[in-house]
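Every chain is named by a letter (A, B, C, D and E) in the order it is written, and numbering of its residues begins at 1.
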Amino acid sequence: MLSKIVRTVANQLILFILIFGLYVIAHGHLTPGGGFQGGAVIVSGVVMLLVAFSSKELKKSLRERTLSIMESSGALIFIGLAFAGIGIVFFYNFLVGTPIFGRIPATGPGPGDIWTGGFIPLMNLAVGLKVAAGLSAVVLAMALFSSGEEIEE
Amino acid sequence: MMEYIPLNFPFLAAALLVGISFYILIFKRNLIKLIMGIAILASGVNLFLVALGYRAGGNAPIYTDVPEGPMVLPVPQALTLTSIVINVAVLALMLTMVILIYRHTGSLDSEKSRKMKG
Amino acid sequence: MRQVTGLIVLLVVIAFLVSGMLLFIHPFGYPPSDMDDYIIENAQEETGSNNVVTSVVFDYRGFDTLGEATILFAAVTGVLLLLRTVKRREESS
Amino acid sequence: MIESPSGFWGPVVWIIAAIVALLIAYFIQRRGEKAYKKGVQSETFLMGNPKLSEGETHVKAHNIYWGFFEGLKKYYVPTITAHTGIINDHLIWLIAGIAIVMIILFVAGGI
Amino acid sequence: MAALITHSPILIIAIPLLAAFLTLPIGMASKKARNALLIVSLAFVTFLVIILARDISINGIHIYTLGATSPELTLPGGAMVPIRIILEVDAMSIFMGIIWATVSLAAAIFSLSHMASETGQNRFYTLLLLMVTGGFGMMFTGDLFNLFVFLEIASISGAALIAFRTRFADAVEGGFKYIVISAVAGLIFLFGVGLLYAQYNSLNIGFLANAMQYSTLDIIALTLFLVALTIKTGMVPLHMWYPDSYTVAPANITAMLVITSHACMYAVFRICFSLYGITLDATTVGWIIVIIGLLTMFVGVTMAVFQTDVMRFMSYHAISQMGYMWMGVGVGLAVLGNPEALATYGRDAISGGIFHILNHAMYKPLLFMTAGALFHRTGTRDLNKMGGLGHNMKFTLILYIIGTLSIAGIPPLNGFASKFLIYESVYQFNPVLAVVAMLVSIITLASFTKAFQSAFTGPQLPEYKDVKEVPKPMLIGMGILAAGIIFTSIFPGLIVERIVNPATDALINQAAYVNGIMGGGMP
C-alpha cells in the first residue's frame, strides 16, 4: 500500500482510464483501436489500482470468481454472435443492413457513423469485456500468489 | 511518394532482432532472461509482419477522415494484432511457471532448477 | 564446446536470414497486394465498417480472432489453474 | 487382407495357426506328469541357500539387461550425456537444425 | 441432416469451444452437469466426424468458407485470390479427425475418475476441451495463419495441463519446457508464414500451392516450417524436451498430447505434399526425413530400454514409433517425382506410414493410460518400486498386454499390419532401412518385456497387498482403445481400403487440393 497521495490520485484517475478504455472499445470500427486494445487500457487501470492499494485490499472489491464468470460470458457472447450467422455461414455478418448497427457508409473517405459495422461493434464489446476481465484476473492472481494469499478455486 | 529505400532496413532490423533473440536463447541461463529472449523473438516476427504491409506513402487503412493517397495493407496489421495477443498469453503462462519453479527449487538458473535429464 | 557450436549455428542462421531479407524479398514499401486491394476496396460495402483493419480482424479473418480470444482464455484459465492455493492442495493429497 | 508389393497379410490365417498351435500345446501338456506335488515343487530353490523373502526374489527394473548396457557403453555414455535436460541445449539443437537443414536444401538446390 | 453435414467442419471445431466456455459457469453449479457436458459434447463431435467422413468418402473434398454468403464461395466477386479463411477437409484431414475424436473421448472418460481427487477440475476440463478444439482446428484448416493460431491453442492448453499437478516440481518443469519450445517453434513458424505472405500476398494453402515457385525465400520458409513442426513432434535430435514433458503430465493428457504431435506431423505432410508439392525438391527433403526418421527410431528405442520411469519409458517409445511414420512417408516423398517408383512401392510406403499413425494413436494412448492406472493405484512412476501388480490389477494387465503386443509388432495385432507395409515397401527403396526398422521392433519388444516383468509379474510386494483394480470409467476409457486395436487387427484390409488409402491418395493428389480452392486453376 502506497502513500495517501498516490491512493487519492489513483482513485480519481481510474475513472478516466475506464472511460478512455470504453471509448477505444466502442469506436473500434471507426478509429484505431478495438476490443483488445481497449481491454488492455482498462487492465492498465486495474494494475494501477493494484500498485496503489495492495492486492489484499483489491481482493475485497474485485473477486476472481466474478472475473472468471465475466470472462466466460464475454467469450460466450463472442462465439454466440459467430454462431448466430450459421443459418448462412458461421461468422456471417448477419447484422449488415438491419436497424441495429446495420448502416453501410458511403464508399471512400468520410466521417464515421457509429451505427455501422454489423456485428463488429458487438464483438468488440464482447472481446473488450473478455480481455479486461481475463487479464485483470491474471494480474490479480499473480499478485495474490506472490503475496501468499489464498486464491479462489 | 517517399524516395525508394535501397536497403530493406525494416526487414533487416526484424532479422537482426530474431538473431539477437536466438543469441539470448542459446547463451542466457537465467529463465527470466530466456523469457525476455522469447519476447524479443516475438517483437522481431511482429516487426517483420507489420513491415510487410507497408506501402510507400500509404495512410492507415481507416476511412474515417482519411487524406487522399494509397493505403497500407490491412491484413498484416490484423495478423500482427493476433500475434501480439497470442504472445501476451504465452508470456503470462511462462511467467506463472517460472514463479512456480522458483517456489519449488529456489533457483532461476536453467541448469540448477532442472530435475529431469537422461 | 557448447559456446562454439552455439556461436557457429547462430551465425549461419543469421547469415541466411539477413541475406534473404536483403537480396530476395520485395523492396520495402512496394509489396504485392492482390488480396489486400480487394479488401481495401470492398471492406466498407461488405462489412459496413470504416476501419478496414477491424473489418479484417472481425469479419474477413474473424475465425483467427476467435482463436486468439480462445488462446487468451486458455492462458487465463491456465494461470488460474496453476496458481491454485498451497493450503487446499495439501489437504487433498 | 493387405496387399503389398511382394506379399500379403491376412490375420485370419495367423489366428487359425495360433489356435492349432495352442491345441497341440494343450495335448502335449495333457500327456505330462500327473503326480505333480504342489507343496514341494513350487518352492523357490536357490542353490541350497536359505529362502528369500517375497520382495527380494523380484528382479528390479534397473537390473534387467545390465549386460546390454555394459556391452554398448560406447554408444550409451555419449548419448545419455547429450540429454542434458537444460532448456538452452534443446534450443541450440533447434537452431542448429534450422542451420543444417537450410544448408542441405541450398546445396542440393544448387543455389 | 444435409445442413448438419454442410456445417459439420465448423461445428466439429466450435462445439468443443462452446462447451469449454460453458464448463466454468456450469461446473460452479454442479459437478455432474459438467461431466455430462464434457462427455456429451465430445460424443456429439465424434458423431459429426463420422458423418462427415462418410460424406467425404462419397463426395470428395469438403470446403467451408467462413463468413461468406455461401460455404462453397471461395473466390468472391471475381477476385482471383481467396479472401476469407477457408476450412478444407479432405480424406487425410478427416482421417486425423477420426483418430482425434476417438482418443479425446476415451481420454475424457478416463479422466473422470483419474482426476476425481484433484482440485481445480473445472479449469482442467475447460483446458481439455480447448485442446480438442486446437487439434481439430489444426487438422481441418486450409489457411496457414489459422494453422498457427490453432497450433498455439493446442500448445498453451497442453502446457497448462502438463503442469497440472503443481505440487510436483518436475511437473512444472515439464510444462515450462513444453511452453518454451512451443512458443519458439510457433514464432519460427509464423516467420515462415510471413515469408510466404511477402511473396504471394496470400495465406491460403491452396492458393499458395498454385502460385508456388520454390524461390530462395520459399526454401527458407520450408526450412522454418519443417524444423518448427518437427520439434513439436519430437524428432531426434530435437526430441530432448519430449520425454520431460510427457512424463509428468497426467496420463490422459499424455495420451492426448501424442495425438497433438501427430497433428503437427500431419501439418508437415500437408506442407510437403499439398503446399510445396510438385515444386518441392522431393528427393532431398524425402531423404532428410528418411534419415532423421531412422535416427529417431533407433535413438528413441535405445534410450527407452535404459529408463526406469514408466511414463518416461513410454515417451521414448512414442518417439521411436514416430520414426516408422517418418520413414514410411519419407520414402514416399523421396520418390514423389518418379511416377513409376511411386506406383510400385512409394504409395504403399506412404500408406504404411499413415496406417501406423492410426495404430500408434490407439496403442500408445492405451499404454500411457495403463501407466496412469499404475500411478493411480501405486502413487509412483518408478518401475524399481513396482512389482507383482498383476495379482490384483487383472484388467489393466490384459490391456497392457494387448498394447505391448501391438507396439512390438507381434502378429496378428495391428502393429504388425502397418509395420509389414512399411518393411515391404521400404525394402525395395533401400534394404538397410528395413533391416534397422526390424531391429528396432525387436528392441521394442525386449524393453516392453522388461517393463512388464518389473511392474506386473513377480510375487506380491507387501506395500501393494491391498491395491485394487482401477475404477470403471478408467477401464472404459482404455477399453475403447483396446477394442479399436482388436478391430483393426482383425480387419486390416478393410481399414486400409476404406480409410488409409483414400488419405494417401488425398496427400499425393495435390491438384485436387488446389482445385478445391481455385476451382480448376491448376497449371
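Heads up, the rule we're going with is that contacts are C-beta pairs under 8 Å (C-beta built on N, C-alpha and C of every residue); 3 or more make two chains touch, one makes a residue touch a chain.
If you're wondering where the values come from, they're calculated on a predicted model, not measured in any experiment.
Q: On the document's contact criterion, could you list the chains that touch subunit A and likewise touch subunit E?
A: Of all the chains present, those in contact with both subunit A and subunit E are B, C.
Q: If each hop has to land on a touching chain, what is the smallest number of hops from subunit B to subunit E?
A: Step count on the best path from subunit B to subunit E: 1.
Q: Comparing the two chain pairs, does B-D have more C-beta contacts than C-D, or is it the other way round?
A: B-D
Q: So which chain is the furthest away from subunit A, centre to centre on CA atoms?
A: D
Q: Farthest from subunit C in C-alpha centre terms, which chain would that be?
A: That would be chain D.
Q: So what's the Cα centroid distance for subunit A and subunit C, whole Å?
A: A distance of 21 Å separates the two centres.
Q: What is the distance, in whole Å, between the centres of subunit B and subunit C, each centre taken as the mean of its C-alpha atoms?
A: From the centre of subunit B to the centre of subunit C is 9 Å.
Q: Counting only Cα atoms for the centres, state how far subunit C is from subunit E in Å.
A: Roughly 23 Å, centre to centre.
Q: What positions in subunit A touch 2 or more of the other chains?
A: Residues 30-32, 34, 68, 75, 79, 82, 90-91, 93, 105, 108, 110, 112, 135, 138, 142, 145, 153 of subunit A each touch two or more of the other chains.
Q: Pull out every residue in subunit D that's touching 2 or more other chains.
A: Within subunit D, residues 80, 83-85, 87, 89, 91-92, 95, 98, 102 contact more than one other chain.
Q: Could you check subunit C for residues that touch two or more other chains and list them?
A: 6, 10, 13, 16-17, 20, 25, 31, 33, 35-36, 39, 44, 50-51, 53, 55, 57, 59-68, 70-76, 78-80, 82-84, 88
Q: So, with touch as defined above, which chain pairs make the list?
A: A-B, A-C, A-E, B-C, B-D, B-E, C-D, C-E, D-E
Q: Within their complex, state which residues of subunit B touch subunit A.
A: 60, 62-68, 81, 85, 88, 92, 95-96, 99
Q: Where on subunit B does subunit C make contact in their complex?
A: 2, 4-5, 7-12, 14-16, 18-19, 22-23, 26-27, 51-57, 60-64, 71, 73-75, 77-79, 81-82, 85-86, 88-90, 92-93, 96-97, 99-100
Q: Spell out the part of subunit C that touches subunit E in their complex, as residue ranges.
A: Per the stated touch rule, the residues are 16-17, 20, 23-26, 31-36, 38-39, 42, 59-64, 66-68, 70-71, 73-75, 77-82, 84, 88-89, 92-93.
Q: Looking at the complex, which residues from subunit B come into contact with subunit E?
A: 18, 25, 31, 34, 38, 41-42, 44-45, 48-49, 52, 75-76, 79, 82-83, 86-87, 89-90, 93-94, 97-98, 100-101, 104-105, 113-116, 118
Q: Please give the residue numbers of subunit B that touch subunit D in the complex, ascending.
A: By the definition above, subunit B touches subunit D via 22, 25-29, 31, 34, 110-111, 114, 116-118.
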